[in-house]
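After this come two complexes, each holding chain A, first together with chain B and then together with chain C.
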Partner chain A sequence: MKRLTPYPVLVGDVSLEVREARLDDISLPFAMISVPQRMVALHQVERERWETARLSVRLRTPRQELASGPWRDEGCYAVLSERRTNVRTTARLHQEEPGIWTGDVVVHRDRHVGRVQLTGHVVATVDGTAGRQIGTADETWTIDLKARTPVKSTTIRTVWADFGDEGNARLRPFSADPWTVESVGEEPVLYLNKGFEGLSTMLESSRSVDRAARDAVSAQIAQDVWTSLFNSAVYAIDFESGPPDWPGGWQESVLKRLLSDVFPDRSPDDALAELANRRRTGDGGSDLQTRLLHAAAKQARLPRNLGAFIRTVRRSGQENE
Partner chain B sequence: MSEEIKEFGPWLGRQLRRKGMSQVELANELDVTRAAVSAWITGRAEPRMEKIKEIERILGLASGASMTGTDIPDSSGNVEWHHRLAYADGGRELGNAAAFAFDSDLAVLAREATQNSLDERFDSSRPVRVRYVLHEITGERLHRFFNAVRWNDLQPHFEAAADGRQKVGRVLRNGLRELKEAGGLLLLRVDDYNASGLTGPEYDDGKFAAVVRRQLDSRKSGTAGGSYGLGKATLWAASQFGLVMMHSTLSEPFEERRERRLIGRLDLPWREVEGRQYAGPAWLGEADPRRDGAPRSWWADERTINDLYLTRGSGDPGTSFLIVGVHDPAGEATDLESMHTVLVRSLAESFWACMVSGRDSAPMLEASVEALRDGRTVVAEERVDPHRYEPARSRAVRAFLDGETVTEMTDAEGVVSATVPLTVPPLKEVGRPDAVVHQAILLVTPASDDEGPNRLVCMRGSHMVVVERPVSDVPLGSPPFQAVLLAGQATGSKAEDAELAENFLRTAEPPEHNDWKQTDDLTATYARGAASRIREFRRAMLDQVRAVVKPPEVKVDETPPSLRDLLRLDPPSTPRSPGFPTVKSATGTLDTDGAWRVRVEVRLPEREDPWSVRPILRFATRSGPRPQAGWAEVTAESNCEVTDDNRLLFTAGARTAAFSCVSDVAEHPVAADMSVIEVDLAQAKDEIR
Partner chain C sequence: MSTAPERLALLPDEASARFLTTPVLQDREPLPVAAIDQACEALPHELRWSAEPIRELVDEAMKRFDGPRTEADAWLSTRLHSTLRITRGEAADNRMWNHLALRIAPDYVFWRHMGRATKTQPIPTVNRSRFSGAFYSHAFARLWWAAELFRDGYDYAPVVLACENQDVLNTVLRLEVILHRPTAQAMLKLLADGTLRTGRDVNALAQAVNTAGTTLFFEALAPDAEPDPDAYLAWIEALDSTLVPLDGMPDGPDDGRAPLGAVNTLVPIFKRLFAEAPVRGKEQKEAKDS
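Here is the complex of A and B:
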């Protein structure tokens, strides 16, 4: 996919940086802001009930290019957006010196639920038309309202629970299972059974002797997770009204990670269309499952981890003989 | 002679023996009654001064010799080899049964000899010191040694015994051949200091008789490691010639003397030399006139001791055993260096626990090994350091001695202490009604993987290692560890239960002292159920180890690290060479009609079948679906053709292609000059967004 604009745009780099964050005017430790991860963690135990977070941002534009180009009335904006709430908040930045634009953007807690994207944009009047976008910051920042550390962890959530415990009514039927996946709602959860003897110690083990078995089990778990989540995500695709649409949320993420291996010779959009087509027509279901197993195994790095495990077992078996 | 004579009687008795003179003979020479001589010797009476002078004259000693304790000097006439004659019934012993009871090798020798030394510890506030000296001698040194040991007298016996087809004969033949070929002799001296020494009378019960005269006799007190008297046999088994010289400094005087008690013992099989048949053993010593010339130990002079390489390092009581022609019966260690290594390893392995000292307490044992060749050091004396050879276990015992154990495993150096109950059943004979419960102490500490982890050693008494075994079924995730169990008196307890447990466990040991299990002795000594109590104890100690090392259930609300990478949800990185056709470049302008004129270059992955795609035109939006528009015209440029429905069919095998197209203005959702467009390719027949 290539974009074409009917007017000249910036070629040089535009970069966006969060300089400081304040929760209700109280400065957040800088450790909560990670420049390399482009991430701000807003969750602090001590300040559970904050209302606004004020982020100081700085945008750098190619000074020379912007000054000599065919644009007028250049302006820079920082935009907060969250797909789940479909909220957009725009803050105008002011030019501190040529090429450097700064300003504050305010995150209102009650407008967001999880992760907010922060982007930087350069607009100008081109050919007499005002407010045309001529540049976008290369990087997008993530403002996480729930994270305590500025780590872009986009891992499927894992919960350790004793499946046999009285309090876990939902999990009790699976008390004999080592793990299970819950793929309903906003966030899918992988439940690992604390009551399954040895599972937690093995998965948390950092000993080299446990590594092969640990990684093989991890791969097995991951394959189950991906298979299960993919099958749930397929049902989240809306294909009733016109062309199929990406479902958003974790379902979209799951589909995007897996489809390139399910249909390796198709672009993501094409693969989505193919998937919707098969669902609609009811054709190719078995073939899809075979392809899915392959994609999930690859995602879980099953071949490598299982192979290492088998080699280890064989080796120790020979030693014991 | 350094020792001050305390009484005249024992001195006189000794001189008569050395001279081979009877009390009657002396009485006749002095013209007194035999009873008078006897009274002098037993100390009931003392002769007058002139009689003493006369006695000194008769014995050929200088005047005043009795006051200084001077002895009649040794002479070759006094000390010689005494070979036991064969039995009248013609029975032949072709080897020492006790020596065959062991899988003998140098490591076993070090274990057994050192265990004996530990059992004979004299001053319990100080360590027993053992010293192993390997010495290879040649030339003049060898010559002097052979003179001192009267080798020439033994030569015919060796040759006779070497003729036999038995194992002993083979070993002997090898030894004689090596001696002849290499011209060198390997000696191993095993010293102990601060030990009892070979005390006691010549023939009656005592440590001397037990070691020198008897087989399978153990003169040991309750805590002793051995109880079968097999250990000493390893000394003779380690000599190619079956020859061991013994030099002892006594902790309790015998014949009023403590220093330089010497005797040699040779263990050969039955043999016939010059027409006479010999039973086996022989002793180098004085003939005892009071026992028909039976061999007995003698009090040697310093030169003899020196010639025999038996000089002791200090006046501390203890014994030096000199193994003549030492070899490793297992055949593994063949030179000084490798023997040195074997001995150090064995001492460290068997006695590390005895060599660990607490902050305020001395160790029970200090051990060292050195190797010499003709008086020159080959391997310097190495003091065996338990912390070097058994770091984790030694750390565990030291923490116990220092009272620094903890209850939970929290760091890599901590030593956890727990207890393991042992029920000691009552004895069969004694009417002790109830079983007694003894709490053994279990120590567990993390260990590195290269120490052969997850093993348990069990000790009793003076920290003697009895059981060494792996711990199976270790809970997953537990750190590698070493466990040490202290039972009976090894717990340091002086209470009755510790003593009872000590005896019970010793009874449960087989001759090798390497296990606790049902033995004949156990069932004979203890009330019914004794074997079950041992089994319970063994099970309880393993269970306790597992309980200690079981890691606490960690509250994990996080993804395990090994899963983290496998469950990432962030968008996949764009592949460098995607498996589907992609737009390599798209350039375009708006024409005067407001239509987009676009030229597109396509990159095609390798595939046999020709690719077929549909060019897509979309109008970009900030969010939500992006509306599509159709093409008014599609023109092939290279490597492709245009089908009827405006699809592109690329040439099979082509890797790039180019085409151009013009948008259908009627389908534009907004004026083209007010929007941004996207150009893409789709394989699907239907519309895709």
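Here is the complex of A and C:
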């Protein structure tokens, strides 16, 4: 979505690309850079302790438009940022030829821990105001300090455990449950109970006759996961001073994903404000749960999976008659 | 009863959440120290993880500031930063802050952050996030990060200025625009020269700068110089030979200051933004005058 700005901005595409990555001045194998995923996996098994990673980046700007538009003193920048470590590093790029800007950005190991975002910006003087942002690269790159192969992770971490086990003090109270979700901390975890008879057999079955049941149970689990992640994320919203802030991390991703179904008529920011307001005033909590149930079911594709299961059960019931 | 730990350790968020029950947050039940110790992961034997120097600072702060307790923030912020010498990467680990608040100095968290009784909450309670939460609300992380983000190279003076105003700590600290050092320093200049007088002024400026930051690229207007990472690491190592002063101002890492020219470019821009910004409770006439 393009932001409305009170001055002319670029219409043409701005694209950003990482061409090379050097770890302590040793060139990283190109397999660690994934152009389609826009990822750089800065984690080499052979080299745990590195200090700096230098990325060569290239930004392409619409040549004709930039040359003939109402802008002056155009400049391009690459920005590395990671909210968890409060680091934002800017590098000015140099114009190699019209429409092509290149330069290096440096990632310092000490100043980053997880996923670093790399963005590209085009800046110019517009109507006498210097430093206006007139364009940003359409896509953001991710520099991942943890991943081994470049893949964007959007799935939840899943752990099979015997809930009844003496060693699992945390899970023991839930020993009779088939699954539970832990949604505190940096990464939520779905625990599946190994001690729940038949659960692992069914979920891990590859037999086609089990498929409908497996998909229905998976969808049910997914709905529980979404519901509890959403509820935890609601408590992560900070609204003590002024308009509420997006909580960042997985909480923000969960909210952004579900809010469009929870409050379908509202923009993401308005939906967040509505949520914060309901939490603050304590009103509308039950209505929210109904809306949430709907949104979580949709994410979990429950109507489709449960529907298919019911159909299968009905079909096999008819066959038995 | 476990003895006081010698070193900081790593206490996971989910464990902290389990220990922070309502009676604990109301200080009616003690924190379960033995269970906390069991849930921790140890940190290496390094001087910078020693618990005792931090404990000393916390005790000193509670002794020195018997008036309004918010006044302890400015004093403790710089000294905590100068004592707990860690990288930003290490500071991003919530587990260390959890341990500091739940195990090393919970008494300070209660002393500084106990809420007032309200109609909905008749028993005074400490907000959970003061023990385990975001960097800008955690009792100790907020002070450490305020020092890290507001210091001007080795100079902690801007940090003191920032921490003397609770609205800077509560609002400005969490803005992404201040990760650009000249922006942070320019905002503090307006506080130093008296342009900003009240908490509402601070919030109005913060809002205005943040909004302007969506269309203005401050890094282009006022280019920063890269801080020197080696100087920072040298400062961490120098802890062995340093005693952080209690009365005098400690020294921060000498990793380079924000370029003065860059700061001075932003000051008039921010003054104009502030003059145009709506301030809650400010009269129309006054708004025109400034």
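In this section, the second predicted complex is superposed on the first by the 280 of 321 C-alpha atoms of A that agree within 3 Å, B and C clash if a C-alpha of one lies under 4 Å from a C-alpha of the other, contacts with A are read in each partner's own complex, and residues count from 1 in each chain.
Here, contacts are C-beta pairs under 8 Å (C-beta built on N, C-alpha and C of every residue); 3 or more make two chains touch, one makes a residue touch a chain.
Fair warning: this is a prediction, and the values are worked out from it, not measured in the lab.
Chemist: For A:T5, select first, second, both or neither according to whether it touches chain B, chain C, the two together, or no partner.
Modeler: In the superposed model, A:T5 contacts both chain B and chain C.
Chemist: In the superposed model, does chain B or chain C contact more residues of chain A?
Modeler: Partner with more touched residues of chain A: B.
Chemist: First (chain B), second (chain C), both or neither: which does A:T158 touch?
Modeler: First partner only, chain B.
Chemist: Applying the document's definition of touch, where does A:V123 land relative to chain B and chain C: first, second, both, or neither?
Modeler: second
Chemist: May I ask you to decide whether A:Y77 touches chain B, chain C, both, or neither, giving the answer as first, second, both or neither?
Modeler: second
Chemist: Tell me which partner A:D245 touches in the superposition: chain B (first), chain C (second), both or neither.
Modeler: A:D245 sits against chain B and chain C alike.
Chemist: Pick one for A:G131: touches chain B only (first), chain C only (second), both, or neither.
Modeler: A:G131 contacts chain C only, not chain B.
Chemist: Could you tell me if A:A300 is touching chain B, chain C, both of them or neither one (first, second, both, neither)?
Modeler: It touches chain B, and chain C stays clear.
Chemist: Touching A:V113, do we find chain B (first), chain C (second), both, or neither?
Modeler: A:V113 contacts chain C only, not chain B.
Chemist: For A:N86, decide between first (touching chain B), second (touching chain C), both and neither.
Modeler: The answer is both, since A:N86 touches chain B and chain C.
Chemist: Between chain B and chain C, which residues of chain A are contacted by each of them?
Modeler: 3, 5-7, 81, 83, 86, 88, 129, 133, 242, 245
Chemist: If we count contacts the way the header does, which residues on chain C are in touch with chain A in the complex?
Modeler: Spelled out, the residues of chain C in touch with chain A are 12-14, 17-18, 87-89, 91-94, 134-135, 137, 145, 148-149, 170-171, 174, 176, 179-180, 203, 207, 214-221, 223-224, 226, 229, 232-233.
Chemist: Show which residues of chain A lie in contact with chain C when the two form their complex.
Modeler: Those in contact with chain C are residues 3, 5-7, 75, 77, 79, 81, 83-90, 92, 106, 108-113, 121, 123, 129-133, 170, 182, 184-186, 238, 240-242, 245, 247.
Chemist: What part of chain B is in contact with chain A in the complex they form?
Modeler: So the residues of chain B touching chain A come out as 449, 475-480, 551, 553-572, 575, 578-583, 585-590, 596, 598, 600, 605, 607, 620, 622-623, 625, 672-684, 686-689.
Chemist: Quick check on the complex: what are the chain A residues that touch chain B?
Modeler: It comes out as residues 1-7, 81, 83, 86, 88, 129, 133, 152, 154-160, 190, 192, 194, 198, 200-210, 214-215, 218-219, 221-222, 225, 242-245, 250, 253-254, 256-257, 260, 264-267, 269-270, 272-274, 277, 299-301.
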